[in-house]
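Structures for review follow.
In the two complexes that follow, chain A is the common piece, with chain B as its partner first and chain C second.
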Partner chain A sequence: MEVDGTWNAFIIDRTQTGFDTSVWDKIASTVEGNTISLCWQCGTCTSGCTAREYDPNFSPRRFIDLARKGDKQSLQELESSLWRCFSCQKCTHRCPKGVLVEEVVHAIHNYALEEGLVRKDPGTKFDELFLKAVMDNGGRISELLLGSMAAKYGMVSLSLKDLINVSSALLKTGLIKTVMNPEKVRNWEKIRKVLENAMKEEIKL
Partner chain B sequence: MEKKVLVIGAGPAGLSATRELVNMDVDVILVEREACLGGTPKKLNYSLLFPELRPASEVIDPLIKVAKESPRVKKYVNSIIDSVKESEDGFEVSIKDKEQKVSTERVSAIIAASGFEHFDSRRKYEYGYGLIPNIYQISDIERMLSENKLVTTRGVPPKRVAILLCVGSRDATVGNTYCSRVCCAVSIKQAMEIKERVPDAIVHIYYMDIRTYGLMEDKLYWRSQLEHRVGYIRGRISEFMRGPNDTVIIKGEDTMNLNRALVVPYDMVILANGMELGLGSAQVAKVLGLRLEEHGFIKPLDPDRLPVVSQRKGVFLAGALTGPKTMSDSITEGQAAAMKAYEYVTKGIWEYEEIKVTAH
Partner chain C sequence: MTETYGKVAFYPGCALDGLGKPYEVSIQLVANDLGLKYERLDDYNCCGALEVKNVNTMAGFLLPARNLSLANRVKANTVMSACPGCHYSLSRTHYFMSKYVKVKDRVNFYLKEMGELPYENNLFMIHVVEFIRNAFGPEKLKAIVKRRFDGLKVAPYYGCLYVRPKQYLQTGYMKIKDDPERPVFMDELLQSIGAEPVQFEAKVMCCGGPHVYSDAETSMHLEARIIKEAVRNGAELLITDCPLGHVAIETNMTKIEKKYGVRISLVYFTQLLALALGHSPEEVMLDANITRPMDVLKKYLR
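Moving on to the complex of A and B:
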């Protein structure tokens, strides 16, 4: 302990104040994230991680550490990595402590989304578009509808050449009919109500 | 004195119990599953012992000598305990050898010291032990060191060595949630031995926690860094791949430097496999009717007050069958069990689990 305070006159304050200890509790109380407390930071998950091959900032071990410490600032800085899990389950399978790593990472991401720490990522956006395309088209996917929706968000990366190749294959096989006029589910209006109710309940969870 | 004690297992614990009993003029029946006396240290040909770095034979050979030469010790090698029946003044034990020949002995007390088995790393398939060349276990390296044959499959001494700790210990995926206590110390000792033989070798130890407890801290953990430049990397390797020229490529994470993913080639990888009760001791426990505790080791009557006394009257425990132990711990327990057995066969002293409180 420094008694006279001489050094404090010019040393920048290093006290950490931004840590929110409620983050751990909140994630641990979700269905997906309840194994977060088992983690002991050994690094098995990150060492074999598939997503890490493409994104050096993707580290399940670090996400868990930051969430447990409540370091929201750092989670925010990892916005472009947090959502990139492939769900290959290698980490969950190998974890020596039985942490369901893949689920915990998703729980952390969900938390960050709910708290507004991160913007909606392309993965979540695409999931929503996909769901919307299915619901709008009557229970089945419509590639044309989904493609046009995704194009609006700037997600389509097909070149003209790709389009020609794809459509010529569709024309040859006759699958073009299904693309232009996709099938629908019978009694869709009834099923739609059931699905919408189920989705509402899921959101409550 | 015609009282006899049966000692199961001729490892450090069993042999030290035998020596103490012989010193107190008690006859000993010594049963050993393997062909030679000395237990796992002799069978796997341990090199140096931590932390003093003295040859294992210096410790174990005098014990073997007593058992071999004393006229009070009757030895059964290549033999196991087949059945145990209670008789009026002790036990009637039938001992079966490899040719299924059964001999019967009458004894007053039994000391079970059948020890442990090393974890078989093949159960962690992602580590590639037995599939990828140049991946060894610490239990294999001991023999290579003591026979001075520390070479890779290409016949040359390794220049880059990685040691991975906690293989089969502290791992819920294989059901072993305990720490095996000795592997950290053994691995560091092996790292120092490798550096002494191949001075320009690079040795990295991948750890989660270093547990060189007690007096081993400075003799192993500090010394290995001060004098031998052994590298410590905090992070658990999750998979091994076969590289060119029989190298092994590891995938790890340096958890101290947050954004460092590791893909590193090594000439030799050593897995620090832990300890388990093993089939031999499981069979002994079954024959003697002893209960196991939650980690799969044999449960003493009271782990604090009576660590060498079993739950069955007249049966005593010594060594690594009650949990992972160093060789010196096993020798200590052998001596303790001999004392308890001596009290039991001469004075009939048997303490029960319940602590009886008497009023003053």
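Moving on to the complex of A and C:
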């Protein structure tokens, strides 16, 4: 804003400018974030959002707005919210403009992680654990395998009584064997190598 | 309507070879009784669920794509999943591969390196509820029921990914796909064996699935909400078609009861159908259910 004389020194800008416009470009160039440009900010995604019921700062509409403006500062301040999406898909499903909101939210979160705007959260840690479990166990997983891996990293969700209930059901039916040691994909080592190679490729649209 | 689906390949997914075994066993019993045919995919791999896609784009496409490629190898027209998570994953990959040529090219490049066939976007993805409902139908089922569950009040829980999002799963776009906000296909099947679906607005409510480990408290609250809605409307059993939701809710039941004062027993919908078709509780592996549905069901099983 242009004001004459000393007034210029203490009138704050009333419009938001000076943000990093590359944020929008980067997110729109990812496969997941590609539909970010379609958003017209109606808020349909956010009004039905499961995560928002528990965290008032979780707002897909606002995340998209901030990312498109390039307001990294505000995204950074949302560190404890950005990762909370449950992937229930209501937002994507209901979006009247065809934004794949759930995908876009993850693209924004991934951008924030890559740029070091936010620290690694429990959700991402678990996702990485899941991928590791698939890779290390021959392309398949089981609930028990995943549970015990998660427990090793300090994420425990079962109470002792529930654990006993689960185990006794498994023992009674003889299911314990398959759950402890899931079958492996026969050609896994070859597939794994291709996968690891493919995972290095960053696919840009 | 079996013609609609052509040759059906069944993708079991890890859950059905794990804690969800009773689900698979009962699907098989029901399909045999109804004369529905499908081929179980051999040597499948994990679909990556909702986790892998968040940490690596290519792995998020390749894991499901390999399974689609396996279905092509057996010359299937349709891929059926029993786990909505798998159904979603496979459909998501199909969607991205048909929308972005670049994704298709890269995925097929790596499939070739694995020694698999390319995926040519030629398959139709369905869930087992849709399969039984469309290929056999509730009216015909009603006629062959051997053991009716008259008056049994049930709350059918479909889970998010059975219907959402429409872009991937095509729900609401055609008659053989369910209503995306208020699905009814499972209700229809349950009605035909005499059970009475109660009013239940949590049919497609989130169970907190992907965050059961990383955000346990919130997930448990979400699960309790589903149970409360069922109990509030007088349901005696929660009927599921999603092994992820089923296992998540069952394994947390003691904690939920302690904290929120509600509990309910869970049964896979195919377990109940198989019982209605005359099979024994042992055959449908009712013992593998961690909650105790037998307490409710025993009066019907005499």
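The rule we apply is simple: the second predicted complex is superposed on the first by the 176 of 205 C-alpha atoms of A that agree within 3 Å, B and C clash if a C-alpha of one lies under 4 Å from a C-alpha of the other, contacts with A are read in each partner's own complex, and residues count from 1 in each chain.
In this section, contacts are C-beta pairs under 8 Å (C-beta built on N, C-alpha and C of every residue); 3 or more make two chains touch, one makes a residue touch a chain.
Computed from a predicted model, the values in this text were never measured in an experiment.
Undergrad: Answer with clash or fit: chain B and chain C placed together on chain A by superposition.
TA: Aligned through their shared chain, the two binders fit side by side on chain A.
Undergrad: Roughly what angle, nearest 10 degrees, sits at the C-alpha centre of chain A between those of chain B and chain C?
TA: The angle comes out at 80 degrees.
Undergrad: Applying the touch criterion given at the start, work out whether A:I176 contacts chain B, chain C, both or neither, answering first, second, both or neither.
TA: neither
Undergrad: Quick one: is A:T92 in contact with chain B, with chain C, with both, or with neither? Answer first, second, both or neither.
TA: second
Undergrad: Looking at the overlay, what does A:A28 touch: chain B (first), chain C (second), both, or neither?
TA: neither
Undergrad: Regarding the shared-chain residue A:R62, is it in contact with chain B (first), chain C (second), both, or neither?
TA: First partner only.
Undergrad: When the two structures are overlaid on chain A, which partner does A:G48 contact: first (chain B), second (chain C), both, or neither?
TA: In the superposed model, A:G48 contacts chain B only, not chain C.
Undergrad: Looking only at contacts as defined up top, I'd like to know whether chain B or chain C touches more of chain A.
TA: Ranking chain B and chain C by residues of chain A touched puts C first.
Undergrad: After overlaying the two complexes, what is the shortest C-alpha distance between chain B and chain C, in Å?
TA: Distance of closest C-alpha approach: 8 Å.
Undergrad: On chain A, what residues does chain B touch that chain C touches as well?
TA: In chain A, positions 90, 93, 98 sit in both the chain B and chain C interfaces.
Undergrad: Using the touch definition up top, name the residues of chain A that touch chain B in the complex.
TA: 40-48, 52, 56-57, 59, 61-62, 90, 93-98
Undergrad: Which of the residues in chain A come into contact with chain C in the complex?
TA: 30-32, 34, 50, 54, 84, 86-90, 92-93, 98, 100, 102, 106, 110, 121-128, 130-131, 134, 139-144, 147, 150, 155-159, 161-162, 165-166, 169-170, 172-173, 175, 178-179, 182-183, 185-188, 190-191, 194-195, 197-199, 201-203, 205
Undergrad: Over in the complex, which chain B residues touch chain A? Could you list them?
TA: Per the stated touch rule, the residues are 126, 166, 170-173, 208, 234-239, 251-255, 258-259, 261-262.
Undergrad: With touch defined as at the start, can you tell me which chain C residues reach chain A in the complex?
TA: Against chain A, chain C makes touches at 14-15, 17-19, 21-22, 43-46, 48-59, 62-63, 66, 88, 96, 100, 102-103, 106, 110, 113-115, 160-161, 163-167, 180, 205-206, 208-216, 218-219, 221-222, 247, 251-255, 285, 287-290.
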